[in-house]
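I've put the structures underneath this note.
Note that chain A is present in both complexes that follow, paired respectively with chain B and with chain C.
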Partner chain A sequence: MLLWLLPPVAWFSVFILVPYAMLFWYSLGHTEDMHFVPGFSLANFARVFTDEPYLGVILKSARIGLTTAILSAIVAWPLAFVIAFHTRSASVKFALYLLVIVPWWASYLVKAYAWKTILGTNGILNATLQGLGFTDEPVRLFLYNEFSVVLTLTYIFTPFAVLSIYAQLERIPTSLIEAAKNLGAGGWEIFWRIVLPISVPGIIAGGIITFSLAFGDFVAPVLVGGSDSVMISNIVINLLGVAFDWPMAAAIGLVIITLGLGLISLTGWLEEKTKVRL
Partner chain B sequence: MKRSEFRSDRSSASFSGNMRAGLMAGAAMVALAAPAAAEGQLVLLVWEGYADDSIVKPFEEQTGCRVDPIYVGSNDEIVSKVMSGGGAADLISPSNDTAMRLVDAGVIAPVDPAKVPSMADFMPQFQNPEWLMKDGQLYGVPYGWGLIRIIADADKVPADTDSLGFLWDPAYKGQISVWDDIETLYMAARYLGFENTYDLTDEQLEAVKAKLIEMKPNIRKYWFTTGEMGTLMSGGEVVGGSSWEPTLVELWAAGKNVIDVKAKEGRGGYSDSWMIVKGAEENECIYPWLEYVSTPAAQALAHKVTGFGFPNSKMSAELDEDTRATYERLGMSDSEALTNIDWWQPAKRRTKYLEIWNQVKAAAQ
Partner chain C sequence: MTTGIELRDLRKRYEGHGSAGSWAVDGVDMQIGRGQFVTLLGPSGCGKTTTLRMIAGFEVPTSGQILRDGVDITDQPVTDREMRMVFQDFALFPNMTVAENVAFGLKTRRMKGRFGAAEVRRRVGEYLDLVHLGTHADKRPHQLSGGQKQRVSLARALITDPDVVLFDEPLGSLDAHLRKVMQIELIRLHRELNKTFIYVTHDQDEAMAMSDAIAVMNGGKVQQFGTPREIYDRPTSRYVAGFIGHAHIVEATVAESGASGLSVRLGNGEVVRLDAPADLQRGEAVGLMLRAEDLSLAKPGEGELHGQVSDSLYRGEYVEYVVDLKGGAGTVHVHEPTHAAPFAHGADVALKVNPAKAHVVGGA
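Then we have the complex of A and B:
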């Protein structure tokens, strides 16, 4: 019995408890001339909430994460729906499923970089718009702003939303739809009253993943962000690498983890509440 | 490609730099396992490129000393490795914004210039430079150096531009890109005429911050890696900003009409130095290496790999014709033309500087 517990307990201690304890220990100290000085001060936490730019950047990152999660869900839902219900042949289903996952084999950096060549002043999009005579001058609003950051993040993280929504839709038995039809429900009614409500936990689960990944992202703002697209992970990296302010970085990390825990508890509760027994 | 890669994240923090830091931890452990002070072996904590095979191989053949390089991605990495002790390295190559910090911490041994005869041929700037002198002693042998260039597209910006002021000109709205680094903060301090760039007061820092926020409408993007500024310029995204020399050289090589603006407010200059880690003084390979890397031939090899400037005034004579022409066009071989340079120093309140820089970046346009 105890032997079975050993691996999870060891894993939990080594990778979760000890690192978080260390993070907490660091967050209570400060640095002097690049040396860590231990202490028991909450000053770093106070700085997160009172000093510019930390709280503002955390909120902005949360906004970008939320926008990404919503857009990913909107893009992912119809695709998941088609794979689940409108693909008869198993091999086509598998092929579509594979196509959703395949981009993950390519490097994140390459994919983010590709958006530069599409959205840039002399990029593919502008060349097309000019070629078709829609504009005379290149449109500069496509790249290097929050729009391009959200677009890139949505593109990159949408597969997660597709997979979790698909997993939920897969569970709907065709007999349920047929029963609804027999009872006289139309296409829209089936969608609104059966398919969509049942898919909600999948949307939420996908939303948590896409939100978390986008919230903590630091590559997109660097590659396609504009002059004010700095996100909280960029700040943390800066604090670690340039300023050598590990205590401050640890404090920000803990604040984010606490916010994340709160959010996950909330959505977990929502997921439970919206679950439909099938 | 190589140089743009490794130059990108020296003092700015980057994800690749951090990944490298992770890899480095492993490499450092290997280095610890083999004592660094072993005779006939040199452990270098250096930028990628400073221990390229083309440079190291001839030295190993000449002297029989084995060279084991450990690559670092940022000056902070050098500091933390050296500070933690344990004989992690014999020689390190930090920049001038870090050198004195290490000397002050007492972890560096002085250099005896008499044992490095080639130093006599160094340009005057690199003979006993301020950033390596403490109590009349020299604490390093200058090596790769360069200036943070202010560049501009000659078709869009007047060719006689001689001030940083154009970066704020509303005519270039959304068409400027500057380095995502506290060097940009230094640059604004120079523009405001503050002479204590590296030790600004709170009021001065506030003024610098306001000035940088004022520049934001002009900023298309803060560039992050060296190659990026070149892409922004050649892709028509921006008309000017700050850049490293390799970017400027690339743009020239691509036939772009780009001006190297000699700002009257001064230009930032970095200079790396070979420094002896305290405890490694007795290693017999140290002075042969210091002398070797100070020779014109070895520095020409290093220039080929890195594209950086090198202090030996006879170095450019060793370059092939095209490379030398470019080097001269950059004004790097003429010590008298190298005036008005605000050589980097350790910023006294780096954390504060960085916080200000983050505030600037987070500020709405």
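Then we have the complex of A and C:
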């Protein structure tokens, strides 16, 4: 009778329940001579908050994630607005929409690598600046620091923000804008009092996605980040692959998941609060 | 100088996919006196909404002029026109409460300084009371019914005291009962506020019931502009006669035309006399407009027209007979009181025509 439930239950158990249980099991143990010793200790969780550099890197990753989310929203909003309101022809609208998605057909690694060739000392940006005579020496500030990490992450994840803001703006009927004009409101008033407030849930939804993706990223710090721009996922990878400290890695993972769930509930609540029924 | 709104040879062409495009509004001339309730009536695509949107300033006319109290406002931006519009989909701001929606027009930058916070609050209360929504000030639009939303939209439009209010099928999304209630409400507001109402609808009952004057539109042109009574009793074209009421048009030729009245001869040779004189030539082809309520059935020989009952429909208020005229001259509908002796299906009957109400429209 309930045979159709078997695939989802199996999928859920094998890929979600069991891995979480294992994660939890590992986090309670410790290692001796790089070998896992089972146990029932919360010491690893305590170390996340007391030992260097864990908490600091988690906070820095959160800062990078938040900056990325904010910058993505700032870039994405006008773009989504133009696609939703200032594109009369349906085919142009579709073309713009497609252009936003198209970069996703290219590999993440290639895109991150591309920034290296743009920002590097022999890169396109420096060559242009030197060619135009703005500088004699190549500028080293562009690459291998937090700036380049945030820039790369913003570039890569902005489409998610565009799509979620666009989805919200698209639902605003033209008659709302016309009604506001008819009542004597100018362009900025319409933006501040109607369009922007209605788009807030889309900004939040896009923000959750870009923040989560940027927060957990480990490619950008490796490719375009400096020695000090390690993010929390890089630490976890090191604990797993280099130090073989799986219990510590598991504990960090669980802390991050808990923080993530908290954040999602908070923003979910915010989204509900700011939601408007069109 | 004329007060009110004047449209001079107003035209609007949308550049379509073809090279020529098509004229949505094709030369509209109209004078709407201050304080009048004027309805633009017609089927969808007749140009009525485009005309209204040009008056509001949402569409730029391809050619022609719009004058307000004698001043050309054709190029005036929509934001400056201070004519308020009530939309079919209400267009309430979903992120604001009912009170904030209503106050919107008082709080725009151009109104800055004109209304203090206390004055805004007082006015919002006053206009919410005017539309019977005093207790709903703090609700959000999605918590209201369709009729309540339209009342909010009305209060929002009226609160800045505009002399012209535009309505774009405002009752179109309401159910039949609510439409009737809102019609009475709109007539009351028009009477109390003494503003010019320009109203767009495809519903002829609505237009007849509310308007001082109706412009019947078709194909981007005004077919006839007159009072509801003129439009109903004396349509000037077959189109208007067919569009308004239950008129049936029977082909006829003028048998006699003079100052005392008019006689027309149907295809089957029968003759109908009309009271109204008309400037028509003997032998000219005309359409004889016969409305169901201007005809009555009688025994054969007791009326000027003859035919056979092909159907009868009990409508509650009256019985509607469908009668095929003798000799295939046409088909008419007749309303008979329900208490009258019924006529059987297939019965031969005579029809009496009310000579004061029968009417001819020109052209074959």
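Everything that follows uses one rule, which is that the second predicted complex is superposed on the first by the 267 of 278 C-alpha atoms of A that agree within 3 Å, B and C clash if a C-alpha of one lies under 4 Å from a C-alpha of the other, contacts with A are read in each partner's own complex, and residues count from 1 in each chain.
Going forward, a contact is a pair of C-beta atoms (placed from the backbone, for glycine too) under 8 Å apart; a residue touches a chain by one contact, two chains touch by 3 or more.
Bear in mind the structure is a predicted one, so any value in this text is a computation, not a measurement.
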What does the overlay on chain A give for chain B and chain C, a clash or a fit? fit
Tell me the contact category for A:S175 with respect to chain B and chain C: first, second, both or neither. second
Mind working out whether A:S89 is in touch with chain B, chain C, both or neither, as first, second, both or neither? neither
For A:S107, is the partner it touches chain B (first), chain C (second), both, or none of the two (neither)? neither
Tell me which partner A:D51 touches in the superposition: chain B (first), chain C (second), both or neither. first
Thinking of the overlay built on chain A, is A:G186 touched by chain B (first), by chain C (second), by both, or by neither? second
Just checking: does A:F244 make contact with chain B only, chain C only, both, or neither of them? Give me first, second, both or neither. first
Counting residues of chain A touched by each partner, does chain B or chain C come out ahead? B
Quick check: superposed on A, how many Å separate the nearest Cα atoms of chain B and chain C? 45
In their shared complex, at which residues does chain A touch chain B? 31, 33-35, 51-53, 56-57, 60, 116, 120-122, 138, 140, 143-144, 218-219, 222, 225-228, 230, 235, 237-245
Where on chain C does chain A make contact in their complex? 56, 58, 78-85, 87, 89, 91-95, 104-105, 108-111, 140-142, 156, 160
Quick one: which bits of chain B touch chain A in the complex? Just the residue numbers, please. 11-15, 17-18, 21, 74, 76, 79-80, 83, 101, 105, 174, 180, 182, 216, 219-222, 224, 231, 235-237, 350-351, 354-355, 358-359, 361-365
Please output the residues of chain A touching chain C within their complex, sorted ascending. 173, 175-176, 178-186, 189, 193-194, 197-198, 276-278
